[in-house]
């Protein structure tokens, strides 16, 4: 896999998929390491694979990345591209690379991006991947950047809710990110001391949730906080309302699971239950120090991987080291919350 | 109005109405000033006027208030009481005061509380008021505690939304507190640089909001942030959907104005529009330094007011001084956002 | 004083003196209001009066101020200029204005800047001032921007120190900004619940400070926090060490008052006392929401003042309104901490 | 090593050594898991091994740990104990355990505590360890709680310094914790984008630091941030001043390395260089979400370890799992910053 290249290179970099704090820090680090140490030229490709296909790019210099360490979002933009267009691009990979004048590509993105990166590598556009998923659901790396920031934002919200819930004897439902996996909700729920933690991996029973709240009130506790992942769902038939229903304009009644859960709990318990929907506040803004360092290290190692010729690999954190992992490993398995990790939170359920 | 009392007193303290960061800081300050300087005994009355009526109270000592400066909520609790029960309590004020063994009362609460405080004072239970409204809508004081914290939380959310909105070319709608007045939304909107600021004082035209967003995109800007107060409403007939509609279970379809606005904008603009509902995160948690100082000063001056016999008055900030204002002044006029303050935000609309 | 100008203008803007969170927010607001509403051209003058003298400037457009609301520092830079050069510049004001091609100037700075602004106005370069002092010591305005941010940073530090001081039975000394006035120390000290608050306005007695700490320990409290302004000084003869001494390299022994005070308290009390020196962390970084709004309003009103011809005036916050105040008023009196404000903190001494 | 105990137990818990955010979260978790799931009685031992020796303890119930997740410090206190007294205690371990009425002990502390824990286990007082070091220098675990919080505080300070340093063309020196290892400085330095990172593992050359700063200024950069660990030291003979010197009162001249470095750089560069000494702000206050979760998991697994009879072991994070590691492993090797980790930060030196 490895053929060292000490020569100066023209390296493309793109960001793909949903937003994630730390994207800009990876770009900055790629530029710093590439230009300062290897004398590379870094070419920023705009709007992910769309820019690759449409040949939209611009050089990114040291000055262009000043201040990026703390800046959320991505200066390169990101856009969704249909599968067919990606497939077309893979077939035309060498031409696209030639048009952009790049020798190699660093692709920062989620599972879909890494899969595409592998195909591009095999088709003649050598790619190193940097994994990006705010949900932290890529199994091959201990953690991904952005996740810590999302948990930080969610935990701060739970912290704030606790005092107001306590003073007013209320149930608070916080809806957090996580369509398919519950890592953000489990982690922020544990960090914030939520009393119920509902995740996609474990269909919940609304009656059991209501009972837990009632138990707390009977023990003299004056409030309860429920953290619920946006992808959490009731076990079939346990919620009364028809949550699939849409109104006359085609919009789902009740909004997301957070609002629906609050409505049902209010009905079941006869107590005020209020939803909080943090939405995109979890995936924007200044990254935490942990995410900045991880993103910086990923960028550093991605550049080294390019110069080593470790294409078709992506950067992964294992314990405290960054390793290069074959992309094939990344995409086989979604990292979901296992039963024994879930058990660790039960002490606070 | 003033008869000095250097004598040691038994002073009741209660918190009433919705949660507000700084309530505990007022209680702490009352205890510090009362016990340390005047040798008073401070009696905490539980759950607002409910505890007054039901005779539920406990002494609050210096040790009991350790750590309260930074703690959201109220250690005394707060509950809603029906108007009739308050009226009954006013009639029986001297008896209630005797039962609780208090010489005077410091009542921390909103407009309703201050009105009641005035009636109690006239009926023989001498009260000093401390104004509390997270909405900052009491005209007689430059600002109330809790407001700065709510604005801080809302501004942090807008800050985080900006980077993610920009990277993904989205419209974000942040629903903020404020049923009747738009101070939180105006202030956080200005602090966060929101592009649209919709408040109850000024019915909005959904088409105009959509046009502003389109103008931004045409000028090459890639996103827009709309801050909307929960009490903001469209000018009659300007929104297409019937937002008063309820579904078969009696729950309002679409949720609050934030969700509804996002739905309509998405339909009108053909661009993704996402709502964020901060809800009670705005009224809980650690107060900002400004709110802690204001709450501390209000508590300090309330105790002094009790010893001076300034009953029927409440504490107010005017420029940098705490003054005692007749309660009658407080309840005459809701402080709404005036046209010229609104104009100052137009530069960033 | 007022002659309305609806005509488009070329308005210079400069920032002068020490750093202060909110400077960039003023610049942004001037550009937004000036260019969007009045069609003005805004000329940024580099490094304060130095750029005025040396003719260094650049146009500042709407795009140039994107992101400035949250950015500390000043994009225009700031430098110290000797009094003689300022005097020379005043004499040549019309020429300098002509060279830069500006019709009027908005000067953002402290007392010295405002004094100079007045002189320039009288010499033919019409200036509107925006007051800037992190110490909040300008009497004519209720508060200045930057101050709230400094207090916020200092309060967070005191919050963190409290738990560690308590666990380890220690005395912590936090040195805060304030050479001539104690506003930051008083305000952050009250907000953080410091047990001793030492400010320049009130020379302290080291023995009294030590006694206060001992009293706390005797009452079973396990720690003490002393907030000390960098300009606070012991009453003459009350500290044992010769703090004016310099070592063989010309550097003052002991560093600042924070370090010295910790040393002396350790010697006097026989307990560990540790200094924390927050230094410039207090004057950098993202402004609080309050400072952003105040800075934005100051910028807005400064542009309006230019168009009204209110030269020789500066913007001031009075209660909740921005007023225009003759510069002469600003420079007559330093706003120091008065005795009765100090008294309000004694409950927590 | 493992003998399962499903029986209810009386488990002592103590915290030892320096402060560390997350200590209270461990205590809370031990109580939750022990009492709620196993029906254990948890006995809090005061002031670390001192309370063990002196028989000072109190039961800690579910109610006692309310609110501890977010509270810095340790409700049990911590004190230094001389080696001889520890040795005496080890010899008398069974008696001490009997006096306190405990079946097992959970000892939360650093290397010294874990060593003692091992000796107690062998002497008849069965102990499970929980590693605690803010410096993150225990090799057997990927990370320790408290470290992330310290890095977070330090990074926020660097963030704030950057804008003010840039506006005023200054050199800022931030002194961070770390007597023997540079993990906090390396990590916060990378997260904050410091331009120089000086750690104990690598003696620095003051001339090289000065040269790096000059290079930056020559390249048009207007400031530099140096992060220096309190234990970093110059290579012999490279600093001009005699930093070992003490003044006439026995206090070291110049204070710590941060102040000394700033003085020397100012002299060498002829530019203002300012020190910031964060001191104990790094080890107090609310833990980050990451530290809360790690501490909670450590407490959970420590209780399980007690019931499994895994004495003489301590909890360790490896990848994403908590494992039980023989204490002997912990104390063999200090985890220092290796050369290749250091290299990753050079891109930003």
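Structure notes:
Note that the chains are named A, B, C and D in the order they appear, and that numbering of residues resets to 1 at the start of each chain.
The rule we apply is simple: a residue touches a chain if its C-beta (ideal position, glycine included) is under 8 Å from a C-beta of that chain, and two chains touch if they have at least 3 such contacts.
If you want to know which protein each chain is, UniProt gives these names: A, B, C, D = ATP-dependent 6-phosphofructokinase.
What you see is a predicted model, and the numbers here were worked out from it, not measured in a lab.
The minimum number of touch steps separating chain A from chain C is 2.
Taking each chain's centre as the mean of its C-alpha atoms, chain A lies 35 Å from chain B. Centre-to-centre separation between chain B and chain C, using Cα means, comes to 30 Å.
Between chain B and chain D, the centres computed from C-alpha atoms are 40 Å apart.
In chain C, 159 are the positions where the chain touches two or more neighbouring chains simultaneously.
Applying the touch definition to every pair of chains gives A-B, A-D, B-C, C-D. On the side of chain C, the complex with chain B involves touching residues 29, 32-33, 36-37, 69-70, 142-143, 148, 151-152, 154-155, 159, 187-188, 190-193, 288-290, 292-293, 296-297, 300, 318-320, 341, 344, 346-348. In the complex of the two chains, the chain C residues touching chain D come out as 18-19, 23, 71-74, 77-78, 153, 156-157, 159-170, 172, 222, 240-242, 245, 247-249, 251, 253-255, 259, 263, 274-285.
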